[in-house]
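By letter and in written order, the chains are A, B, C, D and E; residue numbering begins at 1 in each of them.
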Amino acid sequence: MAATAGKGFAARWGVHIAVLLIVIVWTIPTLGILVSSLRDRDQIAVSGWWTALTTSAQTGQGRTEGADAQVEQNGRFVIAGNLLEEDDARVIRSFGTRIQNPTEHEAGTAADLGDGVTLQVNEDGSYEQSSPTAFEGNRGQRIFFEAATPPRFTTENYRTVLFSEGIGRSFINSLTVTIPATIIPILIAAFAAYALAWMKFPGRAILIAVVIGLLVVPLQMSLIPLLKLYNGVGTFFGVPAKTYLGIWLAHTGFGLPFAIYLLRSYIAGLPREIMESARIDGASDFEIFVKIVLPLSFPVLASFAIFQFLWVWNDLLVAMVFLGSGSNQLVLTGKLNALLGSRGGDWEILTTSAFITIIVPLIVFFSLQRYFVRGLLAGSVKGG
Amino acid sequence: MTGQIISALLTVVLGVSGCVAYFWGANRLLDLIFPSHGVQGSAAIDNLRRQGLIRPWLFLGPALIILTIYLVYPVIETARLSFMDRGGQNFVGTANYQWAIGDREFRQAIFNNFLWLAVVPAACTFFGLVIAVLTDRIWWGNIAKMFIFMPLAISFVGASVIWKFIYEYRGVGQTQIGVLNAIVQSFGGDPQVWISIPFWNNFFLMVILIWIQTGFAMVILSAALRGIPDETIEAATIDGANGFQIFWKIMVPQIWGTIAVVWTTITILVLKVFDIVLTMTNGQWNSQVLANLMFDWMFRGGGDFGRGAAIAIVIMLAVIPIMIWNIRNATRETGGH
Amino acid sequence: MADLLLKDVRKAYGNLEILHGINLDIKSGEFIVFVGPSGCGKSTLLRTIAGLEDITDGRLEIAGDLVNDVPPSKRGIAMVFQSYALYPHMTVYDNMAFGMKIAKASKAEIDERVKQAAEILQLTKYLDRLPKALSGGQRQRVAIGRAICRNPKVFLFDEPLSNLDAALRVATRIEIAKLKESMPETTMIYVTHDQVEAMTLADRIVVLKDGYVEQVGSPMELYCHPGNLFVAQFIGSPSMNILPATIERAGSPTAVRLAGGTVAHVPTATPKDAEGSAISFGVRPEDLSIATDADGGVLFEGRIDYLEQLGEVQLLYVDVGRNGEPLVAKLPGSTPIERGSTIRLTADVGNLHIFDGEGRSFARERLATAA
Amino acid sequence: MADLLLKDVRKAYGNLEILHGINLDIKSGEFIVFVGPSGCGKSTLLRTIAGLEDITDGRLEIAGDLVNDVPPSKRGIAMVFQSYALYPHMTVYDNMAFGMKIAKASKAEIDERVKQAAEILQLTKYLDRLPKALSGGQRQRVAIGRAICRNPKVFLFDEPLSNLDAALRVATRIEIAKLKESMPETTMIYVTHDQVEAMTLADRIVVLKDGYVEQVGSPMELYCHPGNLFVAQFIGSPSMNILPATIERAGSPTAVRLAGGTVAHVPTATPKDAEGSAISFGVRPEDLSIATDADGGVLFEGRIDYLEQLGEVQLLYVDVGRNGEPLVAKLPGSTPIERGSTIRLTADVGNLHIFDGEGRSFARERLATAA
Amino acid sequence: QLKFAPGEGDQFTWSDYETLQQTDLSGQTLTVFGPWRGPDEDLVQSILEYFREATGATVNYSSSENYEQQIVIDTQAGSPPNIAILPQPGLIQDLASKGLLTPLGDETEAWVAQNYGAGESWVDLGTYKDENGEDQFFAFPYKADVKSLVWYSPDNFEDAGYEIPETMEELLALQDQIVADGGVPWCIGLGSGGATGWPATDWVEDIMLRIHEPSVYDQWTTNEIPFNDPQVVEALEIFASIATNNDYVDGGAAAVAATDFRDSPKGLFDIPPKCYMHHQASFIPSFFPEGTELGTDADFFYFPPYAEKDLGRPVLGAGTLAMITSDSEASRAFIEFLKMPLTHELWMAQSGFVTPHKGVNPDAYANDELRRQGEILAEATTFRFDGSDLMPGRIGAGSFWTGMVELVGGKPAEQVATEIQQSWDAIK
């Protein structure tokens, strides 16, 4: 079908444009996170993230040096210096000495501050203040200015996050939790889904109903009874209650209803003749499942794998409860979370961690995408 | 570090292979106990019949056990707690439910939940479907999909930060750092405190969930779309159907089962979702929803398990119609089997 | 040993009964062909035998054992599905090897048998392809290959050659015949629409109609002595011409008066009480020939309405005044005939058929005793 | 007006070229039949014409317009797919009505046309069913019904009758012929494996092989004057007997010496330089007859190896010493013949064919000028 | 790695360290669960390090974004940490009443009464009803926050010529003065995600302590007087008169609820300034723009009392309380550790730590600001713990918050108070 002969101009470009529009709308918030993760906290809170991409006018303030920096020139006392740091890329447009009016004077002009005192601030930040009388005090004049600020980004946030202590360990912890917690439910659910779709036994309809019903069980409700159970089992066998096995099973449990539900609906839709044909070829249910159903269910297995991976990867609560919150057991999300201050204002860290955690799921998404093959069933049956 | 990697690898391999070993071994064992190969005539057939009785349960076994422990047992526990007092120690009859019915916030939450249920699943499924279809046939479709998928992968906290910065409000005339208000202001409008406008704020919160969950719908639906036999689409093209007609009349009906799955899943998710409400408004400005209310009663300030459990049970009861609808679907599908 | 016994087998989908009590006794090693109009239940019957459909009622025995509840894999069958039912994710090779792999055959044996089947079916070039990259006929051949690679007690073929071209069809048909010959113990049940296949392959043909068995018999039996109107018309192509007639004189031979007034003397015995009753008179197109003057018995005379040249033969549609329904005659392609001209046709009396008011053949008593 | 012009049309899947430059000029209102061995590219060619496959190279014109890039829906075609391609979620009625609904036909008109098509195809009972509850033949009929409900400029049929029983097949074939007659302007392109269909329906037959056009011509032309060995063997069933021979004397008639030593005088002109060259000699089974003593020219003599009774005719497989490859003869069913006996066969010299070393007919020059 | 080498620096009471070394806990594990994360976690770890070093115990500290939820789950499920440190008395009450806490004993109770400034109020704070309804001392206060602070920019005050108000009357006058000068007096931001509204509760509590006797405050937090008592409504109205006055708050009343509490102090430092004052607890400097120097660029003053009411210098504060959730030798030793002045001094010497412990050396404070906060705490005639924390969670971390949002949204104080009272009634 991919080869169907030509389409009109509208059809050919319309789709591209429509998709592009949707993608843009969808990406704006994500882009916001990305940009924010490259800014420092102060910027995040004072200007919209989209302004970070362009040169913007921002106000700043500085102070002239104290009286001890003054030199006497031609009978006037002069203090000279620079408001900006050496490598500051800002260009000063205007300045003022009263905070209420920071743009009173244009850069490069001399402002009369009264009593014969003049102040000139140039675009590059250099200033010269001169006065007929000697300056006093070691706190200089406050100068406010408006400067054109070129886009400023920092990778500092990423460095903070990526090089924080123990991040490697929590990354491995996360993988240790996530990989089995993705594969185990797939296996268990696929078998169950096959049984619910293609095997005959009493109570099948009821089981399907139960599975759907269990979809809705709020995770929070299960935590306490389960942890109690774990502790009970732990003390009974004299083993720690919080183990990897425990968290795998927990994630498996929470992911199963959806997995069974999704897989069953797909597996039930496979052409019946193929299954029958295998049956006639002498295959047992187990063989049919492994050799026919599994390969043909790749698209749906892949999509479930993507989600389960994602949920487990981004999960914090279950990991904290069933694995523990000590620094040795911390999963990546937990670790990143621990980087945030107690009052959670560290948006730059939040956005940065959001971007760091996104990478692995995206890789998973991309690598599983190719199992979304078209026409997997093509050529198998005629009619229908 | 390497030591840790090795032990992690070992754990992973052990965990996964244990699971594989169960299924393989259990089936093998069944074949050994009731052999059907190499046994003559009716014995083989009898054994086969026995196998047929047992095998479904081998397949279902682990799932059932895990579901029972991890979900059924907690549900029963929850149901029990919903008749208990706040500490879960004393039986209080239906007091918790009576309280709920009389509670203004609870009724508010029910109303809002209906709004959510009406909008979010439909919107997610619709957008997901449209995107899945559109991206399916262009060369950069996978990349486009990745962008739609991204919100799902961004941790929830990350997402909530950015939506904060979308709805952020600064006083009239100030520089807006929220995209929405910046746009409104640039068109000469007055900035709004979006999330505090009662009733409408529900929709602003819904947008977030739609933004996140569309990727979910998209992924599942694109897997399903790929399964549609191309021939039927070709036949429709030849019958003169245009893109829209093919979409609505040929593709959608054929993946109807999957659409139902996506719809159901998102509906249930909507019933369960509380983090959006929690982080954005915590139910203030009339934006409460059941799940957040439940969470609130369960864990806030020590919690009241009784009431939390009662709300949880209400949430679960809300799923019953969806359950019935799904079972109907399932039996219709399998009717021919 | 693979006798098959069907006793009053019924199959219903919901309330809709498709098979209404089928009785068949198939001997081990027989080659049985099911024919019947589209939708009469051939595939259903085959699927029932395979165990793919539950039997709603009745008994199915294979080799003496009741197998109503035996799963397909234990019935020792191989089947070619009408809709192919290929494994879409496996190559042609794997599709054919699957059954043997399941049966744990050795690699070498699998390879040999697959290669051999591929050779026969001219699939060798395509062994590495997936079904979706095959043409319709190639897919069908894979489906056949899959069945013949295995070594079952019973073969079930559901229209296995429908998508093949004539040459391949003949070749494959002959291969199937050979296969049968090489496995004298194996029972084959074959559904087809092709008369030639049915006639050449079958030991016995089962004619089905609307879920009932109409007649069972050897090909020639069905051709020469159809038990009823339906079978008479169904077997043979173009089908037998049926004309209304009345029995002028019963007995043996029977004198039959055709609508046109001609009287034919059919060497079939009729009971006395049938005299004067309205009957159907049948004659096959190929049994008709041009009446030479020498021939006394001109049966029909009419204008040639339409003429189809098929090369070796030609089909004549002759208007004999049956409300526009033409009489069909099949004459050698070489006979010089012109459309529009009038023609006189006759037939050997031995090839004339008569059926009573309910469509049953008057010769059926004899058939019944012969069966 | 729906002339179709294919100019050097090529189609490749990846590196695999399936169609190697097809040239065809189809006149508006013609009935064209594609025949060819399984996998030769018939479906592919049809799909290319429909616009379902991109043309890799070449030009496709419909009614004078280049349509290489015109989408299928704009080409004014209806198509019956080899694999049916029914809409699984629609009832039979909706399947058939879909095209018209799309075209915004009135309810009444849709209803009328669907009902009428269902009547013709004997589907009336099944209008409310979903495809999955139909038999194979019923599904195929729905696919046909879907096409004939519409009113296209070009009809494309891909083996539309392969799953139908003989009677229905004839009936449907006649319906298609009638349909064609009622729409003289409509072009029909039809893929089939059935000789009878090809011969009876076609204005012209296109013989394809491995993605090349072998010969195009009217049915009788192909039958009587096959352009090459392939066509000669492909058209006609059982296929033409081909035997090695040498030209003893070129000219007209040509004297040909068969392997057995017999000399036949074939009334085909051969060039002088062909004298002494090894050629192929062909004779159709149905052109063979038992040599009476009166006949001078006994062509073959041999033992009857195998005998197939088809009712009206019988097929004889005669061992004439060609390394076990038998000569096939088709004789009237009534001729009394016994397996194992020796038989002498002859044929009318007008029905003998000779082909040069490359398999081309010696008569082809005449054909070429005639075309 | 110990932050300050034992024995070095005489601002530390190093003798405590030697005492601590007497306790040998090697081989024992102590799990501590606390609210501190990020930079705060580094601080608490630096303190725990001394405990590890001296006793040989393994100390695992953990925290979580959902720590309130987590502690409930862990204790309920029977796998609690040894020590839980929590800032919410309401939550502690809950744990205590379910019998999940171990009493610290009379001795510790007496120790707090003796050694902490305003000791009795701290003892009250640590005393909760156990599952039998009996009062027990469960929670040991460690680390306090001073809430009665107003932050401002000295430069801006100087430029505008404003004086630090010494009384509430002066503060209210200053407010009008600023408006008259074309400025905006206050930045108020109540936004805090799920906890939106809480900064307003601090305002109301501070006002309560300034218009009524402390006993009224206590009656209020225990609901002995209803929430909609006129005395409470009065406090709400005073707050509303500021927060809903478009002239008084940056961005106008609408912005109050919408602005995040972490963003709102930034208005102090904008050019031109968006506001001149910001009422917030001692932790807020972490949200000041980077490079803001305390003392020069930003400073605080005590939220003054009404001169006419003569209620002394009330101070509103908060703090974290340590409890034994799983008793062990190490847990006990840890509580002893918390009693040591050294444990307080070590944190004081870093940042963000104020303590009512009278035995600590004030020299240990890392800077003047902390020291001044410590002084405010020490000079307090009345110290009251954050009222919303004292109230049951459903109120203090629920309807009180939402009520405040509604209040600034323009709902009459009377009605807001009545609704909060109703929700309180609902959980009785």
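We adopt the following convention: contacts are C-beta pairs under 8 Å (C-beta built on N, C-alpha and C of every residue); 3 or more make two chains touch, one makes a residue touch a chain.
Protein names from UniProt, one per chain: A = Carbohydrate ABC transporter permease; B = Sugar ABC transporter permease; C, D = sn-glycerol-3-phosphate ABC transporter ATP-binding protein UgpC.
Here the structure is a predicted model, which means the values were calculated and not measured.
S.K.: Show me the overlap between the contact partners of chain A and those of chain D.
M.R.: B, C
S.K.: Of the other chains, whose C-alpha centre is the longest way from the centre of chain D?
M.R.: The chain farthest from chain D, judged by C-alpha centres, is E.
S.K.: Could you compare the number of C-beta pairs in contact for A-E with that for B-C and name the larger?
M.R.: A-E
S.K.: Compute per-chain Cα centres, compare each with the mean of all protein Cα atoms, and return the closest chain.
M.R.: Smallest centre-to-centre distance to the global C-alpha mean: chain B.
S.K.: If you average the Cα atoms of chain B and of chain D to get two centres, how far apart are those centres in Å?
M.R.: Each chain's C-alpha centroid was found; their separation is 57 Å.
S.K.: Please work out the Cα centroid separation of chain B and chain E, and write it as a whole number of Å.
M.R.: 39
S.K.: What whole-number Å value describes the gap between the mean CA coordinates of chain C and chain E?
M.R.: Using C-alpha averages as centres, the distance is 94 Å.
S.K.: Determine the centre-to-centre distance between chain C and chain D, using the mean Cα coordinates as centres, and give it in whole Å.
M.R.: So the centre of chain C lies 23 Å away from the centre of chain D.
S.K.: By the touch rule stated above, which residues of chain E touch at least two different other chains?
M.R.: 65, 69, 72, 193, 260
S.K.: Considering chain A alone, which of its residues make contact with at least two other chains?
M.R.: 1, 4, 11, 45-46, 220, 225-226, 284, 337, 375-378, 382-384
S.K.: So which bits of chain B are touching at least two other chains?
M.R.: 52, 157, 229, 234, 237, 298-299, 336
S.K.: How about chain E: which of its residues touch chain B in the complex?
M.R.: Those residues of chain E that touch chain B are 65, 68-69, 72, 88, 90-91, 93-95, 97-98, 193-197, 250-252, 254-255, 257-260, 274, 392-394, 396-398, 401-402, 405-406, 409, 426-427.
S.K.: Using the touch rule from the top, collect the residues of chain C that touch chain D in their complex.
M.R.: 13, 35-39, 41-44, 82-83, 133-138, 141, 158-159, 162-170, 193-196, 199-200, 219-220, 223-224, 233-239, 284, 286-287, 308-313, 330, 333-334, 348
S.K.: Would you tell me which residues of chain A are touching chain E in their complex?
M.R.: The touching residues are 40-42, 45-46, 59-61, 98-102, 142, 144, 220, 223-228, 230-232, 241-242, 316-317, 320-321, 324-327, 334, 337-346, 349.
S.K.: Using the touch definition from the top, list the residues of chain E that touch chain A in their complex.
M.R.: 31, 33, 35-41, 60, 62-66, 69-70, 72-74, 76-79, 155-156, 159, 182-183, 193, 260, 262-263, 266, 270-273, 283, 286-287, 289-290
S.K.: Can you tell me which positions in chain B touch chain C when the two form their complex?
M.R.: By the definition above, chain B touches chain C via 36, 41-42, 44-45, 48-49, 52.
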